[in-house]
Structure formats: C-alpha cells, structure tokens
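Multiple structures follow.
Look for chain A in each of the two complexes below; its partner is chain B in the first and chain C in the second.
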Partner chain A sequence: MASQKQTQTQTDTQAVALRSLARRYTAQTPRRLRVIDAYMAFCVAVGVVQFVYCAAAGSFPYNAFLAGFGSAVACFVFAANLRMKTDPQNRQQFPGSSAEGAFGEFVFCHVVLHFVVANFLG
Partner chain B sequence: MRLLRAVFASAVGLCVLGGSSLAAIHVGPVHVKVMERTGDKQVSQTLEYPQKLASTPKLTASTPFSLAFTAFSDASHQNALALDQALVVMRHASTGDEVTLAGKMGAHGSYRVDVARKQFRAQLAGQPGKYTVRLVLGSFDQGALVYPVGEVQVAGKQARAADTVVYGRREEIRHRFGEPQKMPSVLVSLAFAVLAAAPLGALVAAWQRMGVRVRSVDGAAAGFLALVAAYMALAAAYWVGVRLLPTLAYVLALALPTYVAGQRALSRRRAAKQ
Partner chain C sequence: MAYKVFGLTASDQTSLLRIAILGLISIVAVGSRLYSVIRFESVIHEFDPWFNYRTTRYLVDNGFDKFWNWFDETAWYPLGRVVGGTLYPGIMVTSATIYNALHLVNIPVDIRNVCVFLAPAFSALTALATYQLGKEVKNATAGLLAAAFIGVAPGYISRSVAGSYDNEGIAIFLLVFTFFLWLRSVRLGSALYGALTAIFYFYMVSAWGGYVFIINLIPLHVFALLVMGRYSNRLYVAYSTFYVIGTLASMQIPFVGFQPTFTSEHMAALGTFGLIQLVAFASYVRTLVPSDQFRVLIRLSILGLFVVGFGGLVLLTMTKVIAPWTGRFYSLWDTAYAKVHIPIIASVSEHQPTAWPNFFFDLNMLIWLLPAGIYFSFRELSDNHVFLILYSLFAAYFAGVMVRLILTLTPIVCVMAGVAMANVFEIYLDFSKTKSKAEAVKAEDSVMEKKEREIQGELPAAKTIYETAGFKRFYALFPQIVVVANFLYFLCMFQLHCSWITSSAYSSPSVVLASRGPDGSHHIIDDFREAYYWLQMNTKPDAKVLSWWDYGYQLAGMADRTTLVDNNTWNNTHIATVGKILASDEDTAYELARHLDVDYVLVVFGGMLGYSGDDINKFLWMIRIAQGVYPDGFKEEDFYNAAGEYAIGDTASPTMRRSLMHKLCYYRFHEVMGPQGFDRVRKQKLPRDVTLDNFEEAYTTENWMVRIYRVKDLDNYGRSHHAASAFEGPRFKNDFVF
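Take a look at the complex of A and B:
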C-alpha cells in the first residue's frame, strides 16, 4: 500500500515536471525555434517509421531504405544546425552569421541532399 | 614448381646415395577433416604413419577438406622439424594428373593444408573423380618422406578443354532468374506509407498552431520558395526518369534565378527586422 502511494506520488511529480517544462518551453522559446523543433520532431518520426518498417518487413530494397533513413537523419542535422545559428542565446558563438544566412545555407544543403537521395533511391 | 621438385628430388637422391649420415623425417599424427556445409564433420580421422584413411570422403566446393600434421626429426616425436618441402599431392586415379598443394607452416614444424571453396574450384572441380592423396615431405638435412594418406572422391563436372573447337549449334543459353525477394503484403506497405506520410500532416498542424501562416509570405519569398520547390520537383523528375545531363542543365538554369531570388527575399527580411 505504501509503495503504491509512493509510485503514485512519483508519477504525479513527473507529470507536474513535464507540464512545467512544456509551459516554460512554450513561454520562453521563440516561435522560430519552436517551428524548427517541430520540423526536427517530424524528421525523427519519419526516420523511426522507416526503421520500424525495415525491422518488421525487411530492408528490401536496401538502397531505398538507406536513402530514406539517411535523408531523415541529414534533415535533422541540418535543422539542428539552423537551430543553433538562429537561437538568440548562441549569438556570441556565431558572430558573423544571421538567421537569414543560416536559412539560406539550410535550403542549399537540402537541395544538394535531395539530389543525392534521388540518385541513391534507384 | 616442377623444376623445384626435380632439383629437390635430385638433391635428396644425392644425399641418400652419398652417405648414411642423412637422418629420417618422422611425421606425427595426421589430422584429416572433411566438413559438411552445416559445420558437421563428414570425416574426422587422426592417422598414425603409415595408417591410411578408413573411407573415401567425397569432396565438393562446400565441404572444406583440411589436413594437418607435424614433422619431427626423431622417432620419439620430441624435436619438431621445419621442412624445406611440405606438400600434399593429389593424383587423379585415371588420368594421372596431379594437383600439388603447399602446406602452410603454423608453429615450428606444424603444417596445414586447406582445400576451401576457392582452391577446390580452381584446382579440383574441373577434373572430378578419385584422387590418391600423398604427403610429400622433404628436408635437405633430414631426407624425404612420402606418406600415402588415402583416397578422396572429388565431385564436379568434367571441364571441357579450353582449346577444343566445337562446330555447329551450341547449347541454348537459358537465363536463370534469381530467387524473387520476399516482399511484405501490399497492405503492410500501404500502412507504412501512410504512417511515413502522417508526420507531415502533424508538422503542418503544429506549425499552424504556432501561428505560421502561408499568407504572411511576401512576393519575393514566394518566388524564392517556388524556385526551391522547382528544385525538389527536378529531383523527383530525375528519380522518375530524366537523365543526369539534362537534369544538370536544368539545375544550372535554375541556379542563378534561385540565388538572386533567395538573396533578395532574405535581405529584404533582414532589412525589415532591423
């Protein structure tokens, strides 16, 4: 009985912590970064679905799996770069760069990446 | 190899004729193994000189054959001996053709000969049949020893001599298709296609909740995004069937307008912020 109560208390504490985290994230994170975070979550979700398919149904055609999964990973990495460069807290680390320049780099990398992916899809 | 063996045989002969001081080679237990594809042993026998193989094992490309032994300079097998020649000679019973395999020395005086798939295909598969197997060991100091180990049956197809000219109609070539890949059912594939596309809907919904509006995109940015979309469409067209060189030409054609549009759109945005 006592252990059940303790578990319940722990769950409540975790729920409160998560709610507080979500509230602070929404309140303190600039909208631009939240947009990028959503995109990163999208990349993760796409990668996970492809990985689950590969594990459950087989990796044939393997080149297509690699292209798709690699594309999800690369998009995540580009988005992480964009996030780092556009985060106002990181302004001192990237003194010469602007959010617009970072977005330009992001778009350029995506264009190159998608041609590589299309080449690899087969 | 023949020259080497002739020289060696002459040297051994001279030594034998020359004096009785030449000691003998003694061979320790000879381990003969023929493995099945599954990893089980078809034959695993340890022979003591001059014992022979009890059966005639069948060798194929997928049944590796190995023979391991240690040479000694004394009958009590105390002093291992590094040989100048350690060969396994396989002689075809009907044609008399010989296949000579050199033993690889491991520890001092210990030798091993492996006939794996590659050696089998290169040296034995072309001439199937019964072979006698002999160990031919030699040392310039200690003399020579020939040990007939037994017989093996080599499986395979008789190779046609390369210099034979065959006139007339050749055998029809039939293409053998590979085994079809095991594919999941269409329903599973469709379900995962929907699952893979679902995050896109969730992303758009999340962006809308965050207040991202398509209407807020101005003309210059719309042009830039349209050109980027053209690049994506070009990548898709390349995947579907457009060849590389035309694709590269289109890429080059789009490069300058995209650069200019991007520069203008992003500069304008930056200026508006400042």
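Take a look at the complex of A and C:
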C-alpha cells in the first residue's frame, strides 16, 4: 500500500513538474524560437518516418536511406545550433556572434550538407 | 615605448617578423627533405609510393571517372584488384589537381616531379597548421616554436622526404589542421568552423586510414568534457555540426563505404553524438526548471548511459550486428596478437613495437619536453588543454605499440614542446623585471653607501667584489642567462640532430642504394631498376612475375608486368600460396607455378653485397604465413638444422636446401664467390651443388641483388625436367677450375 502511495505521489510530482515545464516554456520562449522548435519537431518526425520505413521495408538502398535519415538528423542539429545561438539567454555563451552570423553559419552548413547528401542519394 | 622601425609600429613589426619566421621555417622544412634528391635523383622511393605513383599516372592519363572505376587485372593475378574502390584517393587527386593547375598556367611539369615534391611542399603547410594550433592553445610564441619543431622533427621527416610519395605525406597536415579547426570551433562555438572541421576531416578520410584516430579522439574529447561537467552549448554546436557533416561526407569514399554505421571503430563517435543530444536537451530543460540536484543527476545519467551504451556495443559486436574490430586494431591493444593470429601484419617491420631509443632518435629533446607540456596544460586546463592531454596520452601509447605511429605522436609532441618552451622563455626572457630589480639593487646600494658614509664619517668603506653594483646586477641576471643559454644550446643541438638523422637515416630511396668503398669512394647500386628494366624490355607485356609481396608495387610500377601479390596484402591466402611456392621443393613449386600461369620468378638476394633486407632473411615470414594457411606439410622447425640454427650452407636442414627460395638464391653463386666463398649477410659458408631443373636463370643483376628465373615450359618429349637435364649432362656442375 505504502509503495503504491509513494508511486502515486511520485507520478503526481512528475506531472506537476511537467506541467510547470510546459507553462514556463510558453511563458519564456520568444515566438522566433518557437518557430524553430516547430521546425525541429518536424525534422524529428521526418527522421522517424524514414527510420520506421527502413525497419519495416528493409534498408535497401542503404545509401539513400542514410542520406535521407542523415539529412533529417543534420537539419535537426543545425536548427538546434541556430536556436542556441539566437536564444537571448545564451548571449554571453557565444562571444562575438550575432543572430545574422548564426543564420549565415546555418546556411553554410546546409549548403555543405546538401552537397554531400545529393551526392550520396545516388 | 613605441619604437618605430621603417615606420612600422611594434605590433606591425611583430606580425612582419612572424611572417618572416614562418617563411623561413617553411623553407627549412622543405629544404631538409631534399637530401635524397640531391644525393640520388628525383625518384619515387620504397614500395607503397610506387603504387601511389602508378595510380596517379593513371588518373592523370585517363581522367577521374576511369580512375574511379579502375579494375586492375595486372595485380593479384588471376584475381585482379578493384583499385578505385580499395584505395584512399586523396593523395592522387591532390597531385593530379596540382598537375592540372600547373599545366593550366603553362608550366609543363612532369607528374613524377609533382609526386616527388608533394610531401615536402605539404610539410611546409604542416608547419603553418602547427603554428595555428600552437597559437590556438597558447600564443604565437608557442605556435612559432611548434612550427619550427615540426618542420624538422625526424619523426615526421621519415615519412615525408622528397620522393616518399605516401598517404602520410599529406595526411599529417590534414590531421593537424583538422585538430586546429576543431579546437577553434569548440572555443568559439562556431558552426562555421565545425563545418570546416568536417570538410578537412573528409579530406583526411580520403587520404589516409589514420582518419580513425580523429573520429575517436574528438568524441573522446567531447566525452571527457561531459564527464568533467563541462558541457557547454559551444561544445554542442561544434561537435554535432562536425559529426553529421563529417560522417555523411566520409561515406562518400568507396573504401570507407558504410563502415561509419556499423564498425566498432566508428561507434564511439555515434554514441557520443547521441549522448550530447541528451545532455543538451537536459541542460536546456534545466534552464527552465532550475534545480541544485540537476548537475548531480546529469553526471549520474551520463555514466549510466555510458555503461549501457558500451554494454550494448559489446553485445552488438558479439552478435555480429556491428563488425568487430579489425586485426590491426587488436594488435594495438595486445602487441602479441598479430604475431599469433596474423603473421602478415607482424611481418611488417613498421608494425613492430617501438624500441626506446627510437623515441629519442625521432624526437630528440622534444620527448622530454612532452611531459613538461602536459604539466603546463594541466595548470591551465581549458577545454583545449583537455584535448591536448588526451591526444598526448593516446598518441604516446600508440606510438609505443607500433613504430610507424610515432608519426601521429610527432605533431602533438611538437605542440607540447612549443607550449613548454614558450612558458620557459616567457619567464626567463622577460628582462623587464630583472632590469627593475637590478636598478633597485643599484639604488639600494647607493643609499647604503650614503648611510655608511654618514656612519663611518668621511672614509668610504673598501668594498669587496661581491658588494659592487655590477656584480649584483649580474647576479640577478645570472639564472636567466644560464637557463636561456641552456635552452638555446638544446635548440641548436636539436637542429643538428635532426639534420644528421634526416641525412643519414631517412633520405635513402631504398630503390637505389649507395655504398662507400674502403677508400671513401661513392658507389651507386642500382640493381632493382636494372632488373625491372630488363623485365620491361625482354619479356612479353603480359608476362606474370612471381615475387614476394614486398616487390609487387615496384614490379607493377617500374617493370609494368603482371604480379601475383603486392603490398596491398588484401588476400592472405594468395600471399600464403606464393609463400608456399617459394618454400616447397622444386617439383611442387613448379606444379603450383604452372598452375598459376607464372612466367618468371624474381628473388632478391643480398649475399654478394651484404644487403640484409633480402628474401632469405624474410624467408621465415614466408614460411610462417604459408604455414598459417597450409598447415599440412609445413613446419617452421623443418627449416632449422639439427642444431636449431637458421643455416644456409652445407649444414642447412634438408627441407631448407630443397626449398625453391634457397635454390633460386644460391644457384651458381659459388661460381662467382669461389669454393671457399661466404654469404656476406649470413656470414656462413656457401652451399655447394645447388641444382635447378624446372627453372632456368633468366637474368641476374650486376651485384646479384635481383635474380630472375624463367619457369621452363613443359619438355618437348614429355620427360620430367630432371630427366631432361640428366640426359643433357652436367653443364655447370662442378666444372669450374680454380
């Protein structure tokens, strides 16, 4: 009984923590970052779809799968980079970088990445 | 204190000086690698470079597409080799690009010269990259010192003299530059530098198998920082950018293929990538939910994840989902592994464990500056210094396991020595404090004097020499002068040592040998090229030449003939077959040789000159390798005589005397050395009565270093060759008169 009660309170606190997390997120996150977050969620979805397809239908042609999945992961990561660098809370962590510079890097990384991915798709 | 020289401010002067010093370092780096060209000629060295040279020529002549799809049917006969898919194309593409660029501006340079001078040119770039690395971790002084060190360090020169056209020649530059970019991207948290790191990593992957070192060291750095609780968003940006682009790019090289997704060597990088995503997410959540225990929790979860991940890796490796570590990697952990399981790896001298003197030989004083550098890194211990320490430890370990990995140790030793040296010089070359101290002493002196005069009246006291101001000033400077003079002396000795080593040990092309007569006269021994040229001129273009694998690339490159095995060593069975042919008796060998379509057999024999790297000395390895694949009928012990010695003369074991290798080497040798003749390598008496029926001597070079035999055709009358030669009577046997 006691342990059941304990788990009950644990889940309660977890639920509370999650709810407070969501509240703080909506309160603290600027609109621009929320757009990036949505894009990141989309990237994850794309990656998951490809992974499930690969698991269900086989990995052939492997290079195409790797290119597609890799580009989804890379897009997610680059978006995360952009988000970190443009988050006003992180300003002091990145000395000498601006939002424009971060976006420039984002574009540069994508150019390099998709050059590779296009070559790899075959 | 702004002195102006030629109208330049102090900072302009420093940058001008820096550029001038770097220029001089580059010149020295290139210049000290040219001994071999001056002594011998502009020729490709050794073994592997001949393959690189041949493929480069093919690339230049036939274009990239054909090169990429090249199936070489003249190697590994009758199997052939998919050249395009089994090489690291970086060095060939680099040379071809330089060649084409030079021709575009109407400089009609020969491709051979591009290849010969590629490694020295890249060594200058390595010096510049090392400067950047040193500057990144300490300051420009350390950078300049490190650049000066790497420019002449024998550990690197050994692989990059002019003519040594091997992957390492450009790979060390790429290694150092990739690490520099990595450190900068971590420090700035810059995705741009992360992407550049990935691009140079890709170049490195295309150039050398040693790229595995990068893809393990960088994740290790990240992992160490995470465990130290030093996660930062900068680290996330740098690593994740590097990893996603680098991995996808590395898979573009056919030889690497999909390996990054399923081999153990690459799993650490993947695991670290997953880990840093989790850590990044956790640390983001922490900014939303501040908590004191969060840090503890993160550390715990990192360790837990590491255990789970490592266990999963082991499990997947055991269930063969992930390819296990290759033999070469096992031999990195267990130095005896190769000798027991893969004799072919153990047989290569550069895969042997390093002897202690080698470190001093190749790095001189740098090797004892390395611990000093590590000490100074520990004192500062920024993210960059963690990297330097990890690199030092791992490279030092690997260099101890395998001689040729001193090459990967050299850059970090140079950087660490530069850091240590810069620290020393920073303290001991700073005369501003001493100067003020000396002035203080002087002032104190005069005050004292005045006081003394006041006390003692008008008579000034007679001073001993220890009390004079000049002595005191000297005394204050003394430690500085001693230390600086000492280190300058070491630096000079270092330079002398490096030049001496380079000129005496690392500048021989090994295709062409030099010797000095007792009167000091200089002889060039050109037997290898003589033999290869003979083959090219006197045999059919499709003739198949059997030799031990060491000479395969040279045969293909210089004689342009089909070979059975070469330095690629991808097929152990085929090599063992060749070993079996050379180790069996004449009749078995003949049968096998005809079975494999062999037209000529080539052996290298040093008994006349005293050239110890010949086939008789390598013979035991051939037997061991053959024994590994054909265990029946082969025993290494059979080749030792009753006394357990590896003898070649009349006391040799019967198996040894029957073996083809023995016969091919000593056939008719006593005719030139006389009945009392000695083998100059083994210092043993020559065997008499070496008969040979199934093979006939086709060519022997001036110094008997290369002997070529023709495999006889079947007898016209259907006899065995023994019967045929018995019928024809003894022609050479015992008929010399002395």
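By our rule, the second predicted complex is superposed on the first by the 99 of 122 C-alpha atoms of A that agree within 3 Å, B and C clash if a C-alpha of one lies under 4 Å from a C-alpha of the other, contacts with A are read in each partner's own complex, and residues count from 1 in each chain.
As a working rule, a residue touches a chain if its C-beta (ideal position, glycine included) is under 8 Å from a C-beta of that chain, and two chains touch if they have at least 3 such contacts.
From a predicted model like this one, the values you see are computed outputs, not experimental measurements.
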Touching partner for A:Asn119 - first (chain B), second (chain C), both, neither: both
Chain B versus chain C as contact partner of A:Glu105, first or second or both or neither: second
Partner chain(s) touched by A:Phe51 [first = chain B, second = chain C, both, neither]: neither
Chain B versus chain C, judged by how many residues of chain A each one touches: C
Chain B versus chain C as contact partner of A:Val77, first or second or both or neither: second
Common ground on chain A, meaning residues reached by chain C in one complex and by chain B in the other: 104, 117, 119
Parts of chain B lying in touch with chain A, wherever the complex brings them together: 181-184, 188-189, 192, 195-196, 198-200, 202-203, 206-207, 210-212, 228, 231-232, 235-236, 238-239, 251, 262, 266-267, 269-270
Contact footprint of chain B on chain A as seen in their complex: 31, 34-35, 38-39, 41-42, 45-46, 49-50, 52-53, 56-58, 60, 98, 100-101, 103-104, 107, 110-111, 114-115, 117-119, 121
Interface residues, chain C side, partner chain A - complex: 188-192, 194-195, 198-199, 232-234, 236-237, 240-241, 244-245, 247-249, 251-252, 258, 261, 280, 285, 287-289
Residues of chain A touching chain C in the complex: 17, 20-21, 24-25, 28, 62-63, 66-67, 70-71, 73-74, 77-78, 80-81, 84-85, 89-90, 93-97, 102, 104-106, 108-109, 112-113, 116-117, 119-120
